[in-house]
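When the chains are written out, they are named A, B, C and D in that same order, and each has its own residue count from 1.
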Amino acid sequence: MLNTYIIGASGYTGAELAKMVYTHPHLNLAGLYVSANSLDANKPLSELHGQLKGIVDLPLTPLVDPAAVAAQADIVLLATAHEVSHDLATMFLSKGCQVFDLSGAFRVKGDDFYSQYYGFEHQHQQWLEKAVYGLAEWNSQAIEQAQLIAVPGCYPTASQLALKPLLKSGLIDKNQWPVINAVSGVSGAGRKASMVNSFCEVSLQAYGVFGHRHQPEIATHLDCDVIFTPHLGNFKRGILATITAKLAPGADAEKVAAAMQKAYQSQAGQHAVRLLGEQTASIQNVVNTCFCDIGWKVQGQHIILTSAIDNLLKGASSQAMQCINIRNNYPQLTALV
Amino acid sequence: MLNTYIIGASGYTGAELAKMVYTHPHLNLAGLYVSANSLDANKPLSELHGQLKGIVDLPLTPLVDPAAVAAQADIVLLATAHEVSHDLATMFLSKGCQVFDLSGAFRVKGDDFYSQYYGFEHQHQQWLEKAVYGLAEWNSQAIEQAQLIAVPGCYPTASQLALKPLLKSGLIDKNQWPVINAVSGVSGAGRKASMVNSFCEVSLQAYGVFGHRHQPEIATHLDCDVIFTPHLGNFKRGILATITAKLAPGADAEKVAAAMQKAYQSQAGQHAVRLLGEQTASIQNVVNTCFCDIGWKVQGQHIILTSAIDNLLKGASSQAMQCINIRNNYPQLTALV
Amino acid sequence: MLNTYIIGASGYTGAELAKMVYTHPHLNLAGLYVSANSLDANKPLSELHGQLKGIVDLPLTPLVDPAAVAAQADIVLLATAHEVSHDLATMFLSKGCQVFDLSGAFRVKGDDFYSQYYGFEHQHQQWLEKAVYGLAEWNSQAIEQAQLIAVPGCYPTASQLALKPLLKSGLIDKNQWPVINAVSGVSGAGRKASMVNSFCEVSLQAYGVFGHRHQPEIATHLDCDVIFTPHLGNFKRGILATITAKLAPGADAEKVAAAMQKAYQSQAGQHAVRLLGEQTASIQNVVNTCFCDIGWKVQGQHIILTSAIDNLLKGASSQAMQCINIRNNYPQLTALV
Amino acid sequence: MLNTYIIGASGYTGAELAKMVYTHPHLNLAGLYVSANSLDANKPLSELHGQLKGIVDLPLTPLVDPAAVAAQADIVLLATAHEVSHDLATMFLSKGCQVFDLSGAFRVKGDDFYSQYYGFEHQHQQWLEKAVYGLAEWNSQAIEQAQLIAVPGCYPTASQLALKPLLKSGLIDKNQWPVINAVSGVSGAGRKASMVNSFCEVSLQAYGVFGHRHQPEIATHLDCDVIFTPHLGNFKRGILATITAKLAPGADAEKVAAAMQKAYQSQAGQHAVRLLGEQTASIQNVVNTCFCDIGWKVQGQHIILTSAIDNLLKGASSQAMQCINIRNNYPQLTALV
């Protein structure tokens, strides 16, 4: 049993992680932590997330001595803010822990990225270089060897899993930037009080037009410019991405299908992508599951793909768990189905 | 045209009032005010409530000189917090304005009521004595003469309109307290950021069990003890009250129907109650309308009534407008249908 | 007062029309009709649409003698299925009635269009030629002269109002087809029982990919190929269209803004478009209003526009009413704000 | 491994059952059946319930030879209509199968019950006598010995689990009938197309006032008259019951708490009831769980209880699974947490 700690356990992602670790046959949920000055400190997790009552009643311990945690930990899950992950990760890494970071702090290499898109100067370029991007279906070999895994964001996961097979096979005309329209449930904004997330104010609406930091995360990892427009939807969880792209000369429906099959079909049951063919993906079918559903249709030289995930699971927690499973040689969907 | 001012215009109730006054043929929407230190000060109302763009773009003026407003005002609508209404009303009254207060500050007479249920000592007992309770269908004669009208709360309106005809006719066994279960849309909690109103946290749930201050408002005005259990529902607006009561000896379905008809049917088109007979009231049918729908069914010695209103309209703004109409001899539903 | 009849009045669109005609100062709501074998025949409209109780209680008369209706009618609103409108319209036209058709039966000229996209051969090519497309903000001069107005569909209205000013001014690169992603509330599918519209089955999902008949309606009237992907959203009413396009060489943010201003700003208050500049359109702000909100943002050579309407109002009923107002020289938003 | 068959597997309850049986360590999901003329016959279950894709892709076999199923079955789950269960159960029983019936066909003993409330004459009085009511927390000893378990309805489960401890201890004044107001998610009406369940028509509303057949089920099993008013809520799953009762003379908050503790606390972790004390139950906390949350508050001689379950789980499928676990000596919450 590997001792597993969750730092930043009070939010929606933390609660999902806690439940997964609790049910995992090879992990021991050793402790839940929040920042030392959190208003939720010392409350049982189940007081904040009532559905966990009787299941995970562990308290949210204030994190005053990270080194003491590191000394006990085999695995550390960071469900913390970007800067907090940036500051904490190296200490856990230096003590030999496996670190799975759900923030954006180690997702994209490059000198200027963090100052430009996250508002802080990255201080740990060496670890940034070593970090492996935890897109489970595509980076499993690297994940197996990594000590620091940067779990992708929710929009990037839905977008990349759909586009990557086609780009890899040269089936997309990259001169005409793919258009990614995505709608996220409100839980994507985290567990907090705000006017924007207030029940009466939520209504389908685009935000962050031409300015969301998941755009460069997607474009960098796909090595392809994209136009990405996120929307807030009036539902609690789930993301649907609808992607329109132009096919490269010579590409057709058959080649697209073959690329999808090659990417995902051969390893059926071993990963979390489900191919829908010409059906369209639906949020309802993926919510509360670890899966990414992908459908697509070709007409002439255009393709429309739909890709759906649970933003808190495949877009965060269950993808982190997939990475843990890969890293430690457990079946990839352990504790997930 | 009567000069009409709305104080506390930034909330959901204020926005509804503004639109009604704007469309009213005999009222002039002279000004919108917010407290002097409001973060919304000087913004156009339509910046907060985008549906009003192009209709009511008036700014939210900070209220620094209430006396100057009073000097211009024929009618003042107070959509302010209880204490603010308590403090402001008398100044407007002393200048001869008609004051329609949507807060709880003047709803219930009695020495201890405000210290017990609202947490402040009432300083204006004379005006509290003179205030008329603006339950439009029942107090129109008094409203016609009043200078200060205390518009009832949302739960009390739905509850009283259903029970009052039966109690008036002695058809309810008051020894067995009527049970009022009511569910309100989230807008009832006002326009503000809070965890409780956060989209992801809202879920049907009772609150304020045995402790909501609308219970004594209902009981006092009905002169009948009641058990009142409010619930937060997962919808934006509307209230449904389901009321279970024991009939008095000798009461039956026929007498109940006659009492309902007598109370509401004779003045059809002149007021905002719609009788449904044995059908049940539905929130969908009253949302965005000024109506209270009431259905009921008798079996043996028990009766179940359902009563539905739009909490922001018949439970606040449109009832205030009904009172304005009554007070100034306009047809009662002017600007409302 | 013009005698106005609504054929096909039982649906959501019909109910909205009935209420508007009822409140219109120059129209007389003379009758509501449904097909002769409708299960709703002879019921009061308010039995189907409870919110209209006490407002429009007129019965839904079975339409057995259209000629008798035509003899009385100044204005006929057809809220009927495409084939029914196709079959009925000419009779009313031949009797001199003004006909406002909310179906697709007269929206697009061309020999093959109806056999290809609607599954029937059009039999009234002369009237199809004469029909004026009722996109109110763009065709008012033609509408003033027309006897048959084909009111645009909901998706085409949201899409065209956003794109037309830019295409007119040559600001869009038509070689790279604009991508229109749109999400509609469930009421767009009409008032009927079906698994797809069942409460438990509704979940954000694309449908009709590369195959929806609103695509050719949009492309034909804009004279520009477009990729149009409709989605079903988990809300009752409203449409949000998010449109991504490439600008023509030389086009920039300033020219875009000028084109928008020229199209819509000069006639403020006279039409139903509201410009949001760089803000994004939101469904909540247009639901229950007659407005189309349009926002946009330019970056480099790309533009993203968001356009929101109430699908039952600006996407159907209120646009029909705008056309009636234009045709009869009433202020364009009469009965609408 | 016990061979387990689900008859009537196409609905929401069937899908939940299939997933539970699939994940149960001691059960083998041997087959899924639908009625021979079902439109869903031969489709994979995951075609109807997309979230099960890749998990339960078994086909829905048309049930043409029940005896052949019985010959293979250790356990039969009937998620069928009342009459179908009534007709099928005895055949499976005669072959020695354990039968867990989720319909109402064997829930209440007594000659007239089925003709009065279900519209058919019960033909299997002997099995009706032998059937054990599967309220897991209360009847475990009888369930251990039973061959036919009648799993309680959703409203009765939420209501009885809250009231039973108090009635057992004589703490309720039975002369004043407890008032049960309950709101159910739309999935309670089953997977089917209907106007009532149509997305645009659903709105919080009472139904079946004084006439729902769960009232006699509750009253009989509690041996106490109750007033039960069900409501349809605008959410997919979950039930919240708010119960108001008068305490018996001498009863007080302390005795109530003791009765609750005695009933549920002593067997913590062994059953599916969670006590909330003075907190109120919330649908969000129980949806997708097997738990019933119960809160309560006493004031004077009255008590208000709130009780929440997932209608498809503790109100149907997970309670059936609890019964299977009890009957076969597995830990009671196997496959449930």
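FYI, a residue touches a chain if its C-beta (ideal position, glycine included) is under 8 Å from a C-beta of that chain, and two chains touch if they have at least 3 such contacts.
By chain, UniProt protein names: A, B, C, D = N-acetyl-gamma-glutamyl-phosphate reductase.
Remember, it's a predicted structure, so these values are computed and weren't measured experimentally.
Asks: Measuring centre to centre with C-alpha atoms, which chain is farthest from subunit C?
Replies: If we average the C-alpha coordinates per chain, D ends up farthest from subunit C.
Asks: Of the pairs C-D and A-D, which shows more C-beta pairs in contact?
Replies: Of the two interfaces, C-D and A-D, more C-beta pairs touch across C-D.
Asks: Could you put a whole-Å number on the gap between the CA centroids of subunit A and subunit D?
Replies: Taking the mean C-alpha position of each chain, the two centres sit 37 Å apart.
Asks: Please tell me the distance, in whole Å, between the geometric centres of subunit B and subunit D computed from their C-alpha atoms.
Replies: 40
Asks: What whole-Å value do you get for the distance between subunit C and subunit D if each is reduced to the mean of its CA atoms?
Replies: 47
Asks: In subunit B, which residues are in touch with two or more of the other chains?
Replies: 234, 282, 284-285
Asks: Touching residues of subunit B toward subunit D in the complex: what are they?
Replies: For this pair, the touching residues of subunit B are 176-177, 179, 181, 183, 201, 203-207, 209-210, 227, 229, 231, 233-235, 238, 240, 242, 244, 278, 280-285, 297, 299, 302, 304, 306.
Asks: In the complex, go through subunit A and note every residue touching subunit B.
Replies: Counting only subunit A, the residues touching subunit B are 12, 186-187, 191-195, 197-200, 202, 234, 236-237.
Asks: Hey, which residues of subunit B end up touching subunit C in the complex?
Replies: 23, 50-51, 53-55, 268-269, 274, 282, 284-289, 291, 293, 337
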